[in-house]
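The structure follows.
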Amino acid sequence: MTARLPLPHRWDDLRRWVPWLLPLGAATTLAAASDGYWPATVARMLPLALLAVSVATVTGAAGLPTLGQVAPYAAGAYTTARLAMAGHTLAPVHLTAAALAGAFTAGLLGMLLVRHRGTVVLMLSLAVAELTTITATQWRTVSGGTDGLAGIPAPHLLPGTPPLTADRPVLLYATAVTVAATAATMLLLHRHHLLLTAVRGNETRAAASGHPVTTYLWLVHTGAGAIAGTAGALLIHTHRWITPADVGFDTAALALLAAVIGGTHSPPGAAVAAVLVLGVRDVAAADWPGHAPLLLGALFVAAVYLLPGGLTAALTRLRAEIRRVRATRRPEPLPAASRRTS
Amino acid sequence: MLHVRDLTAGHRPDTPVVRSVSFHLPTPGVYAIVGANGAGKTTLLHTLAGHLRATTGQVHLGGRDLTGLLPHHLARAGVALAPQGRRLWPSLTVRDHLTVTRPATDDGFNVDDLFDLFPPLAARRRHHGHQLSGGEQQMLTIARALRTNPRLLLADEPTEGLSPRIAGQVIAVLRDLPDRGVTVLVALPQAHTATAVADRVYALNAGQLSDPPDGHVDLLVGDHRTPSNAHRSSHHARPPPARRALADHPRREHHQAGDRSPGNAPNPTNGTTMPPCLTTEANPR
Amino acid sequence: AGAPADPDAVRIGLLVSLSGTYATVGQDMQAGFRLYLDSHGGRLGGRKVDLVVGDEGDGPATAVPAAQKLLERDRVVALTGLVGGATVDKVQVLTTARKVPLLGANARPAFTSEGGKPRDLTYTWHTSYNSDEPGIAIADHVKSQVGDGAVYAIGPDYQGGWDELRGFTDTFTRLGGKLANPDGKALFTPFPATENFLPYLNKAAETKPEAVYTFYAGAAAVAFVKQYAQSDLKDVPLYAAGFLTEGSVLTAQGPAATGIRNVLNYSPTLSNAANQAFIAAWSAAGNSSPPTTFAMASYDAAAVLDRALAGVAGDVTGPKLNEAIGKVGRVTSPRGDWQFEPTEHRPVQRWYLREVRADGPVLSNVLVQDLTTLPAT
Amino acid sequence: MTTRHVDAVDHIPSRRDPADIGRAHDTGLVATGLYHAHQRLTVLDLDSFAIAPGDRHAVIGPNGAGKSTLLNLLAGSTRAQTGTITYQGQTITRRGAAWRARAGIGRTFQHPTVYPGLTVLDCVRMGGWHHRRNPDRVPLELLELVGLTGHADYPATTLSHGHRRMLDLAVALAGQPRVLLLDEPAAGLTDTDLTRLLDILGTLPGWMAVILVEHHMDVVAALADWITVLHHGRRHLDGPADHVRADPTVRTLHLDSAEAGHAARP
Amino acid sequence: MDTYLIPGLDGIAYGLLLAIAAAGLTLAFGAGGVLNLAHGTLIAAGGYVAATTSTGTWPSLAAAVTAATVVGAAGGGVLAAATARLRGRGHLDQALLTFGIALIGADLLTTVFGADIRRPRLPAALDTTLTIAGHPYPADRLAALTAAVIITTIGYAVLHRTRAGRLIRATVDDRHMVAGIGVNPRAVDTTVLVVSGALAGLAGALCTPILGVGPATAPTTLLLSLVIVVCGGLGSVPGAVVAAIGVGLVQTIGVITIPALAPYLLLSAMALLLLTRRRPLPGMPG
């Protein structure tokens, strides 16, 4: 009995890592696949996936439905683009600078946004999204105008390494960054899960218990801004071009809807949903040109009805179902009480 | 009037809160349900009003079968609920709360009657639901239910938060209602108020209704404080915190320090003990 | 993936907007290309053509994945179509890297530099025009019409608008013309948000211009033309890049468009034989309205490919096809004959002045006169 | 010192002697010139209000008198429109509710609410978040104290109304307040829970200052040593508990239900 | 002064035109609590129907307006059925659903009506300009202005002065208690969305002669309507009218006074208004 105890623990530890290793494994498999189409296409979805992580953080953890994360995303992207075009091509420098730029932008915007709730936030952040595109369009020295920038120099992982241009290394790099940033987000959110659930759910009571609600929300918003900034850097690294439309309402809406489909309380779910959404729009709809919006619409409608609570909730339900089925098959009967709670 | 047979209901299908409750209110009158906190009073009233689905059982009102009807059908059939927790409409004014309701017949309370009944409401008729004090909200909840001119009024702790004076008025109104042919079923937490208000008192205990001998309600509800779902506590095997002897209570230090003694002395027969975190003064920040 | 079934067949990618704001243009371009293909038995240069269509959507975000699919999965030997300038700018990098000729049939942006170096345009061709050319082409004519009077310039606030207006204002002022705009610069209206042009037009009227020059397309063109006729400017002559009244927008504009003089590289009323054949085929294909410059340029793209493919021996590869495109020489086209400019790979072609007039029951952009040939050699 | 009516004098000190006020200034909670109005309707107009450690101060008055408003202003849930609030000698008028709570001003709500998505135990944990020396034992003890041990691991939203009220008290106590503001803690409680509440309040440590808003006069009688009667936002009466309870105007204003029947028109 | 007379009038006329477009959304989102992102699509549908029905005669115009209203109401019915299962799941799920429906609807509309811009033919009396203070001004806008005044007056009366309006607001606040007074909250939901859809269709019919209808109509009108509804305070007809006129003036006088900032004006104005408004929107937490 005692000898067997540690085993499941180690297994549990391992199992905790599996979800995070899964995307990396998938990316490696994809990169190994001969077709050059898949690595490039999937790599290009990852910036939106990471942006969706950021949006899910603000929407889920802070309870502020936002379209405004494209602002830090744009800050990160243009910082990276301009750094690269000025000859600084180190990816770690890009990521750090973009995260800082994103956090700074989100911090500033957060001072206005986190004082509001619900629909007001949604509309204010809609204005933020629109104003982000407009600013990018108008600030031509940075953005290059409506046609944007192209041919941005590729980043280097480390000094002396070759530039990251080939599709397969880019995919592996982008997956690693996305997974790492998502895992970091999850870790932080998990650590403060209780606090965030509480302030989100009942502000008055939380304040009366000494919790500075707006400060918490501002911190989440700013942290999510760093993630969005990182996503912006990734956008430049995977695309090597950018137009103001890429940091506008459409992107914001896709990220928010992906967060809803993924389940707003689960950033990884949002990332998966973002890949799903772009997969439908760019891959599945490619064989039916002109009807990508139709398929996307159908996906949204289906997601609402078939996945209440999002992908994550569906997964949880599935797991509960499996556990239930297993429990009923188990030979020795459990005490009635604990069976009822499972 | 009201016939309830074998009613079982709850918030989740697997955990019934009200279990096989049957009772019969023969004539219009004021009937009270008493029970411990969490006994299921609110659940029972909500089930009767149609907001919760019963898993089994039948409900008849004045010979009509109301089993399984939707809340708005029940409301039209004359069932009104004055819920616990006020449940007002924040974007409607006090007046709107009363005028939006269309009673089936005109012989009930009209808006002015209700304002006469609750003068504080009359003074606040332009205020919105969320701008009222707790007691004013409670008054409006009752007034709204009365406005539908019900045949069965379900009042969930109607005097909660009311000043003794207004509470007395509300009770007087409830007592008058049977004369208009209204059956009143009121949930009350305290047995002594219930006996004062009602013609007959039922005790709800762990989801089951008993019909106590008049005047002995206390016996039934007095000392039960089990969560209504008995199974719940069974798997909570937390050890109760060790009881500390009252003699160790650090309050004495404060007496010695010259503080005035607080209002009442602790009841030495009761086991209530402050957790230590509260008995030593927290460090000022 | 994989080679087409017929060993002789070639696979060609057509990337146009089939959804979103520019769907009309995209559909026109697809119709033009298919018209050529169908009228040549589905063959170009004697080879069976397997045409794969991709949706460009609203811009690079959707167009690049679609282009990637055409290039990597369908392995097309040439990519044609492309509605938006930003799309061309981004897709050009992909096609160049894969040595596949890009034969654009609509917008041609001023390609942004790549890492400080100018773009490699070896694999980039256009059967259309540079966005500033309409303005350059008409400036002289406008100058001659207004004499010393000032011209008010107004357009949409995006790259296409800036290019179109710059072509006109630069040339016009170089010729000694005066802009009526208070600061001497063209006025740009928010795009695509502006749908009410009356305030801008009435404000412009206060500068008492002799004429107005503009460029709008799509929904904005309809609103602009309609409201122009309702504004204080209604009696002031309106000159425009031809897209203002090109295609279906003209039907929606109705009588309000009558009399607008505009410049384009094509008019359906051109009398050359190629155009007459084109028009006949166009109507025979069931189109009720006259063909547009978008359809015509895409038709020409097919014609270019037709001649280039005929010149490729054996297996068709990107580089071989590209070389052949360089050798097509004079192209006989509904717009009049044209040829590729040798370094920039865009047409040297004539520009025409057109005027909106009732042509039977429908309105049409009727040819008024030839303007000039651009780029000037 | 006897009970005095507000209109009798200009300025009514709310404590028995000046030393008390001084003590409240240094160690307790003092509000002066509190005024609050909604849409030109005066809700609260109180020249001074003070409470010192150890005080058991009840605030009573008819519905809508401004009792909850007073608590909201003291706890910072609502910003005072005019007036100054000091706590332990420090002006806190512009401080928010969270700051005041961390400084030791704890409260319960007239309409108790819980944290959706949290278990009962976690709700109490949230209340004591800023005193995390012993994160698990204290909340469990508090739950035992209010009699909700059996519910500890259930979602707080499944609690009945009365249980929510008890939980609210536990949450407030978890914050280890030095000033505890209670808004009708006895409303809706059954006899058993009422007894328990009285026991809890009776055994609160002596250094704690308690303001009790309550309609239930038995609770007031059992706990309070000083009573303020509010009426239309103003202080109607102020004095030692026995005097106030005996005052005839209080009886007619608040307590008496003798003439209750007349308003009900059949 | 004269500089601003016509832009001012135009701002009001254009604003009221937008008020019609926003009317349905005020009802559905503001009063009924359904975040309907398919509102613009219903307007476009009404516009297309009107554009194909109207042939330049008065009877055909009447037929066009009726047909557009009916189509809008039918669309509202579809939305009511679709959102019925989503009660209690929050605005974001509604947004996801209605956005999906909007995308599908847009595809259907372009499939049926093509991607071209369409404008209905108006009777000659409307398709002309009148002279006001020496300036020409389009008659169709004045007609739309009149229609807007009538519609908003009726809307105000219904929403703010009748029991129906109170029921709608009460249903959003607490639908169970609405059932408790004998009204089926589902019937309220359905009615709200059907009427809102009818208003959208009607708005489409009234706006297209002036603005035309095309693939961009749905997103543009949706955005403007959202701005108006949120700025006006959710569910308030007078608020929406004032906000619509404000938007109209910003889009007319504002853009010509400071053309350099024209792209920023509308959304910055909205953001400022939302940030400075002290009162939370009715029916909204926080």
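When the chains are written out, they are named A, B, C, D and E in that same order, and each has its own residue count from 1.
As a convention for this text, a contact is a pair of C-beta atoms (placed from the backbone, for glycine too) under 8 Å apart; a residue touches a chain by one contact, two chains touch by 3 or more.
Protein identities per chain, from UniProt: B = ABC transporter domain-containing protein; E = Branched-chain amino acid ABC transporter permease.
Values in this document were obtained by computation on a predicted structure and should not be read as measured data.
Each step here moves to a touching chain, and the least such steps from chain C to chain E number 1. By the count of C-beta pairs in contact, the leading chain pair is B-D. Chain A and chain D have Cα centroids lying 45 Å from one another.
Averaging Cα coordinates per chain places chain D and chain E 49 Å apart.
Chain B and chain C have centres, each the mean of its CA atoms, that are 75 Å apart. Residues of chain C in contact with two or more other chains: 19-20, 23, 157, 190.
Within chain B, the positions touching two or more other chains are listed as 232. In chain D, the positions touching at least two other chains are 102, 174.
In the complex of the two chains, the chain E residues touching chain C come out as 3, 6-7, 10-11, 14, 107, 110, 114-119, 121, 129, 135-138, 211-212, 214-217, 220, 251-253, 255-256, 259, 262-263, 266. Within the complex, the chain A residues that touch chain E are 59, 65, 112, 116-120, 122-124, 126-128, 130-131, 134, 137-138, 203, 253, 256-257, 260-261, 264, 291, 293-294, 296-301, 303-305, 308. Partner chain A is touched in their complex by these residues of chain C: 1, 18-20, 23, 53-55, 57-62, 64-66, 68-69, 72-73, 85-86, 89-90, 92-93, 109, 111-115, 119, 157-160, 162, 190. Every residue of chain D that touches chain A in the complex is listed here, in rising order: 75-77, 96-99, 101-102, 106-107, 109, 113-118, 122-123, 125-127, 129-130, 168, 171-172, 174-175.
Here chain A touches chain C in the complex through residues 35-37, 40-41, 44, 85, 134, 137, 144-151, 153, 239-241, 243, 245-246, 250-251, 278, 281-283, 285-286, 289-293, going by the rule given at the top.
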